[in-house]
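Scrolling down, you'll hit the structures one after another.
There are two complexes below, and they share chain A, which is joined by chain B in the first and by chain C in the second.
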Partner chain A sequence: MIRYIGQRLLQGAFVLWAAYTVSFLILYLLPGDAVSIMASGDEQNAVDPALVEKLRAEYGLDRPLYEQYFVALFKAFQLDFGLSIKNGVPATQTVAEVLPETIKLAVAGFAVAVLLGSALAVVAAFSRNRWIRQTFSSLPPLGIAVPTFWIGLLLLQFFSFRLRLFPAIGNDGGQSLVLPALTLAIPTSAVIAQLLTRSLRQTLGEPYIEQIRAKGASEALINFGHALRNAAIPTLTMLGILVGNLLAGAVVSETVFSRAGIGRLTVTAVNSRDIPVVQTLVVLAAAIFVITSLIVDLIYPLVDPRINTARGAKV
Partner chain B sequence: MTQQLVRETPSEAGSGTGHSAAAPETAVPVPPASDQASGSWAGSPWAGARRFLAKPGLVLSVLVLALVILWALVPQAFTQWPPDTGVPSSRLKPPSAEHWFGTDSLGRDLFSRVVHGSATSLAATAVAVAVGLVAGSALGLLAGSIRGWVDDAIMRVMDVLLAIPSLLLSLALITVLGFGTINIAIAVGIASVANFARIMRAETLRVSTAVYVEAARSSGVRWHSILLRHVLPNAAGPVLALSALEFGMAVLSISSLSFLGFGAPPPSAEWGSLVAGGRDYLVAAWWLVTLPGVVIAAVVLSTNRISHAFQDSERNRP
Partner chain C sequence: MSSHAEPLLKVENLRVDYVVDGSSRNAVAGVSFEVRAGEVVAIVGESGSGKTTTAHSIINLLPGNARVSSGSVTFDGTDLTQLTRKEWQGVRGKDIGLIPQDPTASLDPLQRVGEQVAEALTIHRLQPKKAARQSAVRLLEESGIRDAPSRARQFPHQFSGGMRQRVLIATALAAQPKLVIADEPTSALDVTVQRQILDNIATLTAERGTAVLLITHDLGVAADRADRIIVMRGGEIVEEGSATAVLGDPQHSYTQQLIAAAPGLSPRRLRPSLSVQNPRTATGGDVVHVFPLVEAKSLRKVFGLPRTAGGARSLTAVDDVSLDIRRGETLALVGESGSGKSTVARLLLRLDKPTSGSVTFDGVDLASAKGERLRQLRRRFQVVFQSPYASLDPRFSVEDIIAEPLRAFAEGTPAEQKSRVKALLEEVHLPVDYGTRRPAELSGGQRQRIAIARALALKPELVVLDEAVSALDVSVQAQILTLLAELQVQESLSYLFISHDLAVVQQISDRVAVMQAGKMVELGEATAVLENPAEDYTRQLITAIPGRVPIAG
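And now, the complex of A and B:
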């Protein structure tokens, strides 16, 4: 088991290194001249050649490419992704300052998404009324097709401006978290509901469900004691993708509600072409994905004893 | 897994014989088999049409998409109002028989702006899907046919691209590509390359182990003919189904990015920027945000429905 964890950690480290390299290639090499892009971030100001030269020397961009890359990589190992163009603060610090706000939002959004998504799936799979089943199974495709920013604006319009239940913008207190979290939760819950409904229907057709029923188990025990537990397992494997969805959703949700967080930081960093901050955010997203998939792989055998990920074998 | 393999092996043999039986003399006169062999769209046209009309959701989806494409091609046929010049006396009017979607703060007809904006939105979407489809398929085909370290290198890079949420990847690309509709389209396209590469590689591997490809190879057909004549046509189905799905996703991504302000500058009317333009009038004019959003959702819902129909017809292939 320890060997397996070590192996997975190595794989994770590889993905992180590759994500760093890919983002370095995209951000520093693709434009040909990252510095003039950064210096021209403000559209009002013309590019100042002296500033460009100074920045170029400062970022080491006058050296050969491989040297730039290895110097940058060596610094990245020490969590140094360079200074933010905007205010000269280390990019990692800029990100770390607003990260807790996004974690709060993502956790709240994910909790609501799991509850909402499971509820939709349970009704869609277990209801005896054909009409209810069909209505509930047509909701997830709708939730996936609807733009997140639109959901946010509609919630804002209805709950903040019409009913005046929640504050429209800002980060203060739990009240301000409700609508952004709901905005984040609706598309994610649609994905969860779709996966879980499919998995539940498949599970209900398994022979062992018939056997439990023949033994005289109640429908409630069959549905919630057996089917739901077994059907939840395949959904778990999608956790990495779902967390990625949450990050992408946070970009939109935080912009709509003017909340501080890494989502809005992404938008401002792209707007001011703050390459060090953008790169930090890309590597952070990859790190979150790596950690989530590692956690899923480690808890998977605990949830489903048939699967032994350490040996990579499915019995 | 083993079960799947067992089920797939005879099916591949089947499609192999289907190929040789495609010659007119040997075609067996059994209508259902023949129209299944070539997917549900071709074959006996009447059976296909009847099956299509039996699905009202699918019919509606095709109609929605056709309407939006017509909007993009001939916008002036659908609305009498100009998209960019407003009538100051009719500012912020709610939807009515005259202005179907109401008017904005400059007195411009919103429906006309949505109709005229569909050309930009759909063109950007088409560029995004084309970039993803061409680059992704080429990489997948390369990885799947050359194998070895080329395969490893390409697919590891694709894995890394999949580890980064596609919106974030698009945003990173926009940082260097710059703003504007074409740039966000290219960025969205590159962010979807990994999905296409994965499907194309899997299909290439599947087809190149099929009996008829082995036969072609052993009878001395050159590798590039095998790729063009056998691998590409047979891998096309799942890749096209993915394209339909990615089309919907691209509409969403492009409208999100233009909502965030990275699209074309005003007064250009793109669906996402129309919604963004209504943000300041949430209290006074609900229609400015709501109605363009309904159009985006309807288009995405329709393309997703059509993509599922594609996937179903793929699954029903013998």
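And now, the complex of A and C:
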């Protein structure tokens, strides 16, 4: 088991390195660097080219690519991604400052998504009324198709401006978390609902379900005592990817509601070509993916006795 | 029990229809029969005869598109067709138990086995949870599960197919129902296990005085087990009576056909066997072939196992097996699942490489053959697999399936390939216009004919038949075996016939090789091995053939 976790962590380290390197190359290939963007004011107060060169030398931007890369990589190993070009504080600190806000948002959003998605799937798969089943199973595709920012804007319009129930922007307290979390939760819950509904329907057709019915079990025992657990397993596999979706959703949600957080930080950092901050964010996102998929794989054998993660095989 | 008493189960004029694509199709057309308390009644018929639909309508577990359009089912004085959903829950499991068809898929994979048995008691509030768990262990013990207290805490995947069926028998009998419906309880199992399972059902139900409604396609099984036999065909009962009457003096021609098709009931050979001294090539007056077509010497195959705590690192699937296949003969390779017979076939076909040992085909060493040379050798040995459902590409037409090997070896022009396909369809006795159909439109037997036609397309010398008739109904099985015997003479083929079913083997093979746990335990002339087995294990396999008892007695 320990050996398995060790192997997985090594793989994770490789993923982090690859994410760092790829993002480094992409940012390098983009036209213009941080200094030239800072310097590109309007015509009237054009910056002295000599000063620009001096700044570039200070940030090491005049060196050849490989040298810049190895210097940066070596520092990155020590969790030093450099100083934010925008405000001069360490990039890691800039990210760490807003990270708790995004964690709050993501946890709230994810919890709502799981509850809402499961509830939708349960109704869509278990209801005895055909009309209800059909209506509820057509909701998830709708939730996936509608753009997140539009959901955010609708919620904003209705609950903040019309009903004045929740604040429209900002990060103060639980009140301000409700609408962004909902915006984040709706598309994610739609994915969960769709996967779980399909999986539940398939499970209900399995011979063992008929066998449980032949024992005289009530529909409630069949549905909630047997089918739901079995159907949850394929959905669990998707959990790692869904957490990634949450990060992408956070970018939109935080922008629409003007919340501080790593989503909005990503947007501003990319726009101002703040390479140290962008790289910190990329490595952070990769780390989140690595850790969630490891957690999912470790949870798996607890849920499904047929799977032994360390052996990586179905027995 | 007096004959005047009310029967336990009375089915009257039962009619069931399926709605398929908006139109209604009749599956059971007015069936009436009775089962008395403690009696064992078998319903026998081919797939599509409506036997399973009849059984499932008794316990109201029909698929969503099935409708009981008329008739009544009276159980213990109650009309079951009038029950509400809630009332049904009190009947199922408690009054009527069900032993299902496929034990491997009929247990909840996430629930401990003991819990699943206990559930049959707790659902009906017959026992509190703790007591039910203890009863479950006792029930598992009675069903023949050794070391039941610790086995009860295991999960279904840790049980073999036969063991799972024992768990399901324990479950079905837990609440002491008056009637148990056993729906093809052994058709997914090996013959030796089959016998143990049927014995187990018989003993347990006899002890408890439980009536059994046994659904089976195998008249041999019915003959062994039932007091009365009901023969169904096309949704109707064609014959009904005591087991001795139906078997000894069948009235309906269909029953007579079924008796003829059941290998255990009518032992016979489909063609004269070749003797060692007198191979077919010699009888024709030709040169006697000194070398066998295939020769395998001390084959060994070891598979590495995934790392487990304290478990074995490797599994020896085939251990020092030597055999030869002579030209024009049928060599049967017999054994239970897991005995290594399919692995031997894979080694002979060069689908796998042996860990040690050698295989020569017509004097050529297969292990050293590579690339184009191996590819050219491959056309000389072909294979037909067990499941005609899985071995045909559902998106191909029958014509494309049969022509595929011809295209792979660029045999002839497209027009020549087309006429070859037609000839092959005729050889396997299928109408030529079947060429445009797709596998889904064909029955299991027809599909297996297609698979045989495909194997013959390149005019091979050896055909490996890997459990090629095991998935088929008994009567279809007989047709395919006859076809194989006919083709063998026509095309002068050698067969390696792999099977777990000695009843089938005795009909077609010249020599029999018996495998157990990777080793060859016996190899000899078919008649010698089957009539006078040298090994205990072979004897066990022979006694397991269903339907043998009435013949002997």
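As a working rule, the second predicted complex is superposed on the first by the 295 of 315 C-alpha atoms of A that agree within 3 Å, B and C clash if a C-alpha of one lies under 4 Å from a C-alpha of the other, contacts with A are read in each partner's own complex, and residues count from 1 in each chain.
By our rule, contacts are C-beta pairs under 8 Å (C-beta built on N, C-alpha and C of every residue); 3 or more make two chains touch, one makes a residue touch a chain.
As the structure is a computational prediction, the values presented were derived from the model and not from experiment.
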Taking the superposition as given, does A:267 touch the first partner, chain B, the second, chain C, both, or neither? first
Should A:153 be classified as contacting the first partner (chain B), the second (chain C), both, or neither? first
Chain B or chain C, by number of chain A residues touched: B
Contact-wise, after the overlay, does A:248 reach chain B, chain C, both or neither (first, second, both, neither)? first
Under the stated touch criterion, which partner chain does A:80 make contact with: chain B (first), chain C (second), both, or neither? neither
Contact residues common to both interfaces of chain A (with chain B and with chain C): 314
As the complex stands, chain C meets chain A at residues 59, 61, 85, 88-94, 97-98, 100-102, 105-111, 119-120, 123-124, 155, 157-158, 168, 171-172, 175, 306-308
Contact footprint of chain A on chain B as seen in their complex: 1, 156-157, 159-161, 163-169, 171-176, 248, 252, 255-256, 259-262, 272, 275-276, 278-279, 282-283, 286, 289-290, 293, 296-297, 300-301, 304-305
Going by the contact rule set out above, which residues of chain A touch chain B in the complex? 14-15, 18-19, 22-23, 26-27, 30-31, 34, 37, 141-142, 144-150, 153-154, 156-157, 161, 244-245, 247-248, 251-252, 255, 266-267, 269-271, 273, 275, 278-279, 281-282, 285-286, 289-290, 314
In the complex of these two chains, what residues of chain A are touching chain C? 206-208, 210-219, 221, 226, 229-230, 303-306, 311-315
